[in-house]
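Below, chain A partners chain B and then partners chain C, in two separate complexes.
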Partner chain A sequence: MEIARKFKNQFSNVPMFGWLLGFLAAVLVEFFLGYDYISLVLGLPKIPVLFGTLVILKNPIMIPSIIAYDIIVYIIPILIVTKFTVSMTNKIATALEKTPIWLSTIIHLALFYGIMHLWAGINDYRILVIKLTMVSIILTISINVINGYQGEFSCSHPGFMAVGAYVSSILTLLLFVNDKMFGTALLPSALGPWLFPFILIIGGFAAALSSLLVAIPSFRTRGDYLAIISLAFMFIVKSAIENMDFIGGARGMSSQPDYASLPVIFCWTILTIWIVHNFVTSIMGKALNAVRDDEAASESMTVKTKKTKIIAFMFGAFWAGIAGGLFAHVLRFINPGTFSIQRLAEILAMVYFGGLNSIVGSIVGAVSISVLGEALRPLELFKWIIIPLILIFVMIYRPYGLISFKEINVKKLFRSKNK
Partner chain B sequence: MEALLNVNKMTHYFGGLRAVHNYNLEIKPQQITGLIGPNGAGKTTIFNLITGVHTPTEGTIELQGENIVGLATNEIAAKGLGRTFQNLALWRHMNVLEHIKMAHYSQLTYGLIGSFFNTPACRKQEAEVEENSYRLLELFDIKQHADQLVTNLPYGAQRRVEMARAMATNPKILFLDEPTAGMTPDELVQMIKIIRQVHEDFKVAIFLIEHRMKFVMELCQYIQTLVFGELIAEGPPEDIQNNPKVIEAYLGKEDLT
Partner chain C sequence: MDYFLQNLINALQWGSFYAVISIGYSMVYGVLMVFNFAHGDIFMIGTYIGFAIATLFITLFSSFLPAWVIFVAVVVITMFLASWVGVFVEVAGYRPLRQAPRASAAITGLMIGIIFETGILIFLGAKRLSFPPLMESVAYNIGGVYFTNVKVMVIVISLFLMLALNFLIQKTKWGMAMRAMSYDFLAVPLMGVSINIIAPLTFAIGAGLASVAGILYGQAYPILDPYMGILVGWKAFVAAILGGRGSIKGAAMAGYLLGFIEIFVAMVFPSTFRDLIAYSIILLILTYRPRGFFGMEHSAKLRL
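Coming up: the complex of A and B.
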């Protein structure tokens, strides 16, 4: 304990910029030395993808090498660089504090993206994991608007996601791809990546419209009853798609163009975080909390409760639709089975694990459950014993999730830590 | 002076039960009106009928000459009827400042798009609302609690938050539903002071339900007595105090035989 505290004290004056620099160093070490020297010397067959968790579970003999690899590649460079550049990074952070907040945010995000790009570039599997994790972040934030901020227990999220995924897939296949389902492309495929954002937005709006089916019953019911209605909505969407043969029915749709690249998804994730953050910190967005905590009081305080509920559902569903569209273009294959009860369990696990009423919580929840899910993949069935167990412990010790009722404070996050 | 609020022959049935019968009310600007009556007389029902929670079966309600029967509660509130609740109705996950800011909802014009993209108009209005909220917090002496959750405040302070919140909606008439319920004598005296102050500073009319005679007699200029949904007496405090019907309703009939 004493050592841990000392250790923490040593690094408490490192600003966010310093940590990013440290991670950059670690990633550069891995990029240039990872395969040729470090993993070869340690006797690893290749660079450990997710910090070696997969290898550990498959082949326990490798554990010492994996630990050594993680220490050499990640921990040592990060600690050395952050420690030795601390005076410089604090100066930079102080300088950035004087610039407008959006500029310093963009600089930090650009640096973060660069690091992530380098790290992911080493391996295709990493790219896929990061893409799916970011899609999960968008999904978790969007369900947090309904289940956290608005406080309804809605189970219809896979349905909204399916609507978004199908609408955007149909549009891209129809417009930009020659395939057997919709015939020749209507527009030159060079336009595709540029029009992709609009297609995603159309998918989002379609999902938002479909959410009215759940939003309107929510005027009169709450809690368990609304959960049942929303669950019904999810199954209706699923079986409706299964019975529509012109979009593939139960077989699904494939060969979506590869428009959802890493930077595209990253931009959408940041956009989601930014807009949802703006909304939930404004008085308009706080109205969601007011309606959740006491509807009668909100009405008497001039809050339009019905409008607020509709906004919450449509807004949440819109981002779920966007996430669905991105998801379809990451996997480049969707079928109705993808948007079923298992997906619902995953989304709910992420939002309740991470924390209700908090964007940071959603990010933490989405990242930890997605990465945990990937890392525990070798355990196969046991994965579904371990993750629920973790969830149960979170529910016992932190009933609202790990980080709940907290909003991001960008200024505080990036400030310098001079002593 | 012309009346702010006019309620005429209002009657309301809950199923077969007649909760309110032929109720009339006239509130003049800056008048403090009290509504008293034994438990179950229908006082809170009258509040709910006027503020639009229920729609009266018969009768008219006019706010400054405009009919408000059938409007949604939030619309009526935005027209200038602020209220507090008998059992505190606060938002338990929100802090005190957010409560006061929330009550400015109907005064915001930046719209959804403004809040999504945090436009200059949105920032400007939110800043104005925040300034006004701090002013109200100061007036009600709860500024020191601004960033605390309401559930952590003492009872008296919670009551004051509720009052401040009602005042933030910019009401013409303030409806107080048992403002001193569950208060100690000290807090009661403080409450009288606050209500007087609100009355003077904001020049609002006040309509209140209360059980404590001392409180009602001290504050109100006009008192109505309600028994089983019907008015049995109304007038200035002195008249009510000595009215045999009121004494009968509260204390029972004197048996002389």
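Coming up: the complex of A and C.
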């Protein structure tokens, strides 16, 4: 405990910018020295992908070299750089405080993206993990709008996701790809990446429209019965897609173009966080909370409950559709089975693990469950015992999730830490 | 006409599974107001327990005991063992969360279900086991309608179980305690009815019924696999809610309705349309009857 306190005192004056610089240094060390020097000397076959968790679980003899690798590559550079640049980074942070908040946020995010890009650039597996994690973040935030802020128990998210995924896949395959399902491309494929955002948005709108099927019954039905309606909606979407042979039926669709690159998904994730945050802190967002806490009282206080419910569902479904479209273009293969009960269990686990009514909570939940899922992959089946157990303990000790009903102030986060 | 009657018998059999399983959901939901999402997997575990007991008994006693004795013994012992699975789920997953929001309890149930599936997969491997027949299958043909004694047995035993349960709920003191608890689970514990006894009992009865459904299912469709509980379980869950909160009668009716819809849709349309039409009908019913068939207004807040 004494050591921990000393450690905390030593590093309490490092601002966010300093930590980012430290991580940048660590990633640069790994990028330039990781393979040639460090991992070869330590006897590792290649650079450990997820901080060595995969290697440790597969081959416990490697534990000392993995720990050594993590210390040399990550911990030492981070500590040294943050410690020795602390006066400089504090000056930079003070200077950034004087700039508008959007500018300093963009600078921090750009730095963060650079770190992530370098880290993921080492191999394709890291890129895939990061992409899927960010898609999960979008998905979790979008379900939090309905389950957390609006307070319904919606089971329909895999359905919304499927609508978005299929609509955007159909559009990209139809417009930009020569394939056997839709024939020759209608537009030159060079336009593809530029029109991809619009295609995603169309997919999102399609998902939002489909959500009316759940939103309109929610005028009369609440709680448990609405949960069943949304569950029925999910099965209807899955079954309907299975019966549409012109989009592949149960076999699914493949060979979507590779438009969902790392920067594209990163931009969409940031956009989602920003827009959803603005939405839930707006008057409309407060109305969502009011309807959740007491429908009759909010109705008498001039909140239009029907409009609020429709907007909440359509808004959540829109972002779920976007996430679905990105998901389809990351994996480049979808079939109806992808969007079934297992996906629902995963989404619900993420949102209830992270915390209701909180965007930070959603991010924490999505990142922890997806990274945990990847890190425990070598355990194969036992993974599906460990993750549920963790979730049960979280539910027992923190029934609303890890970080619920709380947000982090961005301005405070970036503040300089001069004493 | 023959074709219709044939399908009617199939639908009755298929609906019986849904009805018996959904009663377990409905009881837990009625008494404690929580979703027992682990119930589908309790059904699966019950089937595996039944499989183990049946295999054991057939190898040990089939030489000198008549088949019906073995059958009754298997059903009774399986019910007893499986009800402890229900008690375990209540004590481990639901009791610590009684004050928590109900959605958290539902998530816990879901996770316990996943643990059950994975546990079975780890212990028994991915190979599919086949349930030993507990009685010789005899096919009858009455006026062009074929049916086996297994089908008749499934229907008769399910009806018997429902009537027995109805007796338990309506006529005994335990049943009265359960009904009181479903009326108001906050005030009744203050009147000397312990929720820590009634809640596990409810789970146990549901699990026992599910395990009998599992044995019958194993007689009709003898292939076991660890994920068999998911599809049947979620459909039974839908049936339980469709029947109305806490209504045993409603759950049974909705279970049969679901069975009828599925079989008769497959009779008219290609069988891939089964889920599409079944769930569309459910969505319509709940849109126009938001409380299910027999659901009542109640004071407690129905919020997750």
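Please note the rule applied: the second predicted complex is superposed on the first by the 418 of 419 C-alpha atoms of A that agree within 3 Å, B and C clash if a C-alpha of one lies under 4 Å from a C-alpha of the other, contacts with A are read in each partner's own complex, and residues count from 1 in each chain.
Please note the rule applied: a contact is a pair of C-beta atoms (placed from the backbone, for glycine too) under 8 Å apart; a residue touches a chain by one contact, two chains touch by 3 or more.
Computed from a predicted model, the values in this text were never measured in an experiment.
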Exercise. Looking at the overlay, what does A:10 touch: chain B (first), chain C (second), both, or neither?
Worked result: neither
Exercise. Which of the two partners, first being chain B and second being chain C, lies in contact with A:297: first, second, both, or neither?
Worked result: first
Exercise. Is A:418 in contact with chain B, with chain C, with both, or with neither (first, second, both, neither)?
Worked result: neither
For this session: For A:217, decide between first (touching chain B), second (touching chain C), both and neither.
Result: second
Exercise. Is A:345 in contact with chain B, with chain C, with both, or with neither (first, second, both, neither)?
Worked result: second
Exercise. Which chain makes contact with more of the residues of chain A, chain B or else chain C?
Worked result: C
Exercise. In the superposed arrangement, does A:278 touch chain B (first), chain C (second), both or neither?
Worked result: first
For this session: Answer with first, second, both or neither: which of chain B and chain C does A:238 touch in the superposed model?
Result: second
Exercise. Which of the two partners, first being chain B and second being chain C, lies in contact with A:305: first, second, both, or neither?
Worked result: first
Exercise. So which bits of chain A does chain B touch that chain C touches too?
Worked result: none
Exercise. Chain C touches which residues of chain A in the complex?
Worked result: 147, 151-153, 213, 216-217, 220-225, 227-229, 231-233, 235-236, 238-240, 242-243, 250, 341, 345, 348-349, 352, 381-382, 384-385, 388-389, 391-392, 395-396, 399-400
Exercise. Can you list the chain A residues touching chain B in their complex?
Worked result: 275, 278-279, 282-287, 289-290, 292-294, 296-305, 311, 357, 405
Seminar exercise, completed: chain C contacts chain A in the complex at 29, 35, 93, 96-97, 99-101, 103-108, 110-112, 114-115, 117-119, 121-122, 230, 234, 237-238, 241-242, 245, 270, 272-276, 279-280, 282-283, 286-287, 290-292, 295, 302-304
For this session: Would you tell me which residues of chain B are touching chain A in their complex?
Result: 51, 53, 72-74, 77-78, 82-83, 85, 89-94, 98, 101-106, 108, 110, 112, 114-118, 122, 126, 129, 165-166, 168-169
